[in-house]
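In what comes next, chain A is part of two complexes: it sits with chain B in the first one and with chain C in the second one.
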Partner chain A sequence: MEIEVTGYSFPNDIHILWSLMIVMYPYITGLVAGSFVVSSLYHVFGRNELKPISRLSLVASFGFLLFATLPLLNHLGHPERGFNIIITPNFSSAMAAFGVFYAAYLIVVMLEIWLIYRKDIIMLARRSRGIKRAFYALLALGVYDTSEESRKLDHNIVVVLASIGIPMACILHGYVGFMFGSVKANSFWSTPLMPIIFLCSAITSGIAMVVVLYQILSKLNGARIDPECMQSLCRWLWMFAIITVTVELLEIISLAYERSEEWMVVGPLLGGKLAFSFIGIQLVFGALIPIILLGVVVLMKPFLTDPLRNTMAFVASLILLVQVLAMRWNVVIGGQMFSKSMMGFRQSYDPGLFEKEGVAVAIGIFVLPFIFLAIFNKFLPLAEEDVEGDGKASAAEPQAARGA
Partner chain B sequence: MEHSKHIWRAALILLFGVVGFIVVRQFLIPKSFGIAGHYRFDALAEFMAQPVKHGGRESCRKCHEPPYETTSKGKHARVSCEVCHGPVGDHASKEAKIAVMPKNPSYKLCAYCHQKLAARPKGFKQVSFRKHLEEQGFASDSKIPEKICLKCHEPHDPTGAAGN
Partner chain C sequence: MEDKSAPFNSVPGMDVPSASSEEPAMTRRECLKRSAQGACGAIFVLACGEELGALAQMAGTPPEGEKYDPFKHEWVYLIDISKCIGCGSCVRACERENNVPPHYFRTWVERYRITDSEHPLVDSPNGGRDGFGPEKHGEEGRKAFFVPKICNHCKFSPCTQLCPVGASFRSPDGVMLVDEERCIGCGYCVQACPYGSRFIHPVKHVASKCTFCYHRVTKGLPTACVAACPVGARRFGDAKDPDDEVSQIVATQPTHVLKPELLTGPHCRYLGMSMEVR
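For the complex of A and B:
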């Protein structure tokens, strides 16, 4: 029943106020951090088999970054005041201080993308004319230098930027976990493990998103999905999925084992009100199934055909994306379901379809990064131009990389 | 370095951006910001200058004598009109009505105060809605009808005529 409150709840502690938007915010920032980490595996750690997705993952990170704050702005209202956290940053508030950090990270990613695409931009500028040419020339900052030395310089700077970017991405998302972990009035959230849990699941969701995007992009371009790349992505995804589920469970298990006072309410919560989204989605459907699927992909590599591997990876990734969303839901909404008395439950929360912070708006916000990616792909190819590859890497601008 | 022209250009743009931001920021910081803390000090004066919106129950009396009388005699005498309705300033000027005053006939209004909660003072009258309705002979179906409480309770005098 919609208004019944059970147990001993404080009178002013009945409603769930952090809505679906607050679920979407860490979900989208998680995708930012996760896909950035994937791109860095190639750019910094030299995992060359990941080359085919190195651009895609970086641009995806950028795309999600552009829209990551929308849920918060919608939730808080008065979006025009959002800039105040940059104009008058208050460094005693983690959330407000973050505006500056966020902006810095945006610049780092933007520069990295620019350097990586610089050669393509120049090729396209040379090839096109009129407005289009002016546009690409502007992007190239008027310098048409594709010499070996300049490329080398670019590469070195990219390595530096990506190296700065990794800790930044980790902090960017660790901070979201920190936000929850530092709410000391809420013992379900208040644990130093929280940033780590968020970070691990962020990387999981990021890799999963890259798998999905890569496969879709390849389908659209009619290009071959690089088996080595897919295999490697699966391996990373498998590892991070396992780590994620482990730390998620670790937190719960230590609560349960300690029989701490908050377990009196968190236990019934996870097994009762959250049974479907926690046990059902987050643990069984969302973790067990993809971990088995990916385990098969990783361990039985010689026995798998490419299409089979791709399908299994795709399905596992989609499920993991749902798992991470469920985890966000369970933490954000679940953490608000009980009263601060630790002895009673608040009202339940079901987001409406068309309300201000409802399902439709959440979907609308989530679609924006993909629209951005589609538009980006119109101007600069997301698919990696593989010179020695099968030769039809990109349908959009097939000559772009090999022109010179 | 002859092949680093583009880097220098990018760096220059970045520098312009940062310097531009710092300059623009100077103009965007409100004048009175930081005088007494991390906020715009003028905001205090602005808030103080805002007209008072609430008037207390006496402010309703001259235009709504009947409900005023009923309420004053009933159990809700200590509950302000504006708690259940809204601030007088949004509804009436000194002489006349200027806007519709909200009235909320839903059981959710009563729930603010009367919903059974273990943490409320023991002496305060609270009911578990479903149970209460059942006791009063209302079959409990899945959803509580919105205006159900008003069937038996007059909001201005909840134990009065309409009730018992």
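For the complex of A and C:
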């Protein structure tokens, strides 16, 4: 066995234990929380310009949520006992809270989606025949009331659910940060800033994902990208990208400035083994470039054409998605690179392409939410009904009037 | 001197009867009686997250006529750094006793050499299992010593606190144990242990660590490493027994624990520890 550790590592600290799967897990839950926050900007905070993406972001959050547990399960030594986290939790464990938060959040998001799509479901049930009709009838859960009054009630419940959902999404993801931040044995993880860093980058990745999905969906539907909506998304994304990088740097700078014991091992790590993914990807490529691009979009709005702005936003969002993934990698893998002896580094970790917890599986898991979104879109439109040029949804409008 | 009062240290390693073969078989009446007691306790056991059940499974059968009561003991471990010669007998004994997989360690020995450079030279080739080679030229230290390490069986152990399913638990006699039937193999406890005492068993895929040889100590035998140590650098005692020599040393002499700043409350004490040790 080839072991190349530098310095002195505890003999049980030779390998990196938490793999690429544990990188994917906070990445996907971050997208869950982030896209939910975007949808809430419309549903709760009345940012009406974000209406075109309010459904898309909510369903995206649901899609990522459905597959968020897969990387964890794939990593467990005994996945068949994984359910024990929910049925026999140890309440002093941060990880055990996962089941409660996950289940509660899942219920809230499902209810919210159902209420938002209720009218569409009823319309589609009335329009279709045969199995399709039965399917939509099943989704309608036997409620066919589309009166103005019931729609208003729906809306009010959605506002309440979304309001409950925001803290829940924040807890769901903040607790992922807490899971790392509360490990006092690991000086790189152990900081109360960790949940905040995770939350901010989660919201950044969520907005970036919505920008990407919205542009792709509009292309597929042949619909116009709403300029006000895109401009607003860019503004939010810019703000959260700046906050994210600030808190990420803040953690490192305080460690370095205090010249704490941790810095003696974290410093050489960030400048050495992690230099490419930390300085290269997370800070320069992943943060500097998109922050400049988005700054141009936000500050120089009058000078930009719509296609140029859309392209810049799309590129900035893709890069930010990579940045957040790099940040997860740097925290999860980087935090394990040094031994708890604080005197040496572990064997480096390069995930194999086809191993159990390798790259192919990670990509496979990450693709699943998008497949879910595509299938969802086949049955219920992801695009907002009021968006111009969205033929499918707006066709339902007159019928809705007749039905009511 | 240490061989007089502590019962465990008076048993030389070679004379220790094997765990399973020499215990008298339980009588049928007693077996039935214990089963009935067990059944009564079953509900309680379930309510306690099966911790006690696992404890019973891990504990050996107590000697005839003397029932092991975990509430009457609190095990402590004492390591005298000045005595350790780095022979690795303890590591090999632990490996044999507990079927420790190769390249993983429930106990290991580190060699510290304090030289003129800023950082001490530390190594532990294969956990010190096969001893240590001679010092290379230029690596001779101003002082050098061996540091045996095991699970510290912390009173406020981070590993138990954050085990999501309660598979890691603390027995009433102060031993941290892992219920292999419950462990989901998430590895959170391995991340949480500041001492690197835990690992995920490569075959069983569950967390594994030093158990203070719970199957032995509950029968009145010393841990395998203590029994194997030829120089008495490792000692085992009962903090609840005022006559126990180890407990007297811990009570009256300056001892140290590893990483005291983490406030984990280790049950493993060191005599003559140097500040360089992590």
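FYI, the second predicted complex is superposed on the first by the 381 of 404 C-alpha atoms of A that agree within 3 Å, B and C clash if a C-alpha of one lies under 4 Å from a C-alpha of the other, contacts with A are read in each partner's own complex, and residues count from 1 in each chain.
Rule of thumb we're sticking to: a contact is a pair of C-beta atoms (placed from the backbone, for glycine too) under 8 Å apart; a residue touches a chain by one contact, two chains touch by 3 or more.
The structure presented is a predicted model; accordingly, all values stated were derived computationally and were not measured.
Enquirer: Based on the superposition on chain A, does the combination of chain B and chain C result in a clash or a fit?
Expert: By the criteria stated at the top, chain C and chain B clash after superposition.
Enquirer: I want to verify the contact counts: of chain B and chain C, which reaches more residues of chain A?
Expert: Answer, by number of touched residues of chain A: C.
Enquirer: Would you check which partner chain A:Val183 touches, where first means chain B only, second means chain C only, and both and neither mean what they say?
Expert: second
Enquirer: Please work out whether A:Thr311 is in contact with chain B alone, chain C alone, both, or neither, and reply first, second, both or neither.
Expert: Touch partners of A:Thr311: none, neither chain B nor chain C.
Enquirer: Is A:His75 touching anything from chain B or chain C once the two structures are fitted on A? First, second, both or neither.
Expert: A:His75: touches chain C, not chain B.
Enquirer: Should A:Ser147 be classified as contacting the first partner (chain B), the second (chain C), both, or neither?
Expert: first
Enquirer: Which of the two partners, first being chain B and second being chain C, lies in contact with A:Phe10: first, second, both, or neither?
Expert: Both partners, chain B and chain C.
Enquirer: Does chain B (first) or chain C (second) touch A:Ser341, or do both, or does neither?
Expert: Touch status of A:Ser341: both partners.
Enquirer: Taking the superposition as given, does A:Ile157 touch the first partner, chain B, the second, chain C, both, or neither?
Expert: Once the two structures are laid over each other on A, A:Ile157 reaches chain B alone.
Enquirer: Which partner chains sit in contact with A:Ser128 here, chain B, chain C, both or neither? Use first/second/both/neither.
Expert: After superposition on chain A, A:Ser128 lies in contact with neither partner.
Enquirer: Does the superposition put A:Gln231 against chain B (first), chain C (second), both, or neither?
Expert: In the superposition, A:Gln231 touches no partner, neither chain B nor chain C.
Enquirer: Residue by residue on chain A, keep only those touching chain B in one complex and chain C in the other, then list them.
Expert: 1, 8, 10-11, 14, 88, 90, 92, 341
Enquirer: Using the touch definition from the top, list the residues of chain A that touch chain B in their complex.
Expert: 1, 3-5, 7-11, 14, 83, 87-88, 90, 92, 107, 111, 114, 118, 140-143, 145, 147, 149-150, 153, 157, 341, 344
Enquirer: Within their complex, state which residues of chain B touch chain A.
Expert: Contact set of chain B toward chain A: 1-7, 9-10, 13-14, 25, 28-29, 33, 38, 107-108, 111, 115, 117-120, 128-130, 144.
Enquirer: If you look only at chain C, which of its residues touch chain A in the complex?
Expert: 49, 103-105, 108, 110, 119, 122-124, 126-127, 149, 158, 160-166, 182-188, 190-200, 204-206, 262, 278
Enquirer: Name, in rising order, each residue of chain A that touches chain C in their complex.
Expert: For chain A paired with chain C, touching residues are 1, 8, 10-14, 17-18, 72, 75-79, 81-82, 84-85, 88-90, 92-96, 98, 179, 182-186, 336, 339-343.
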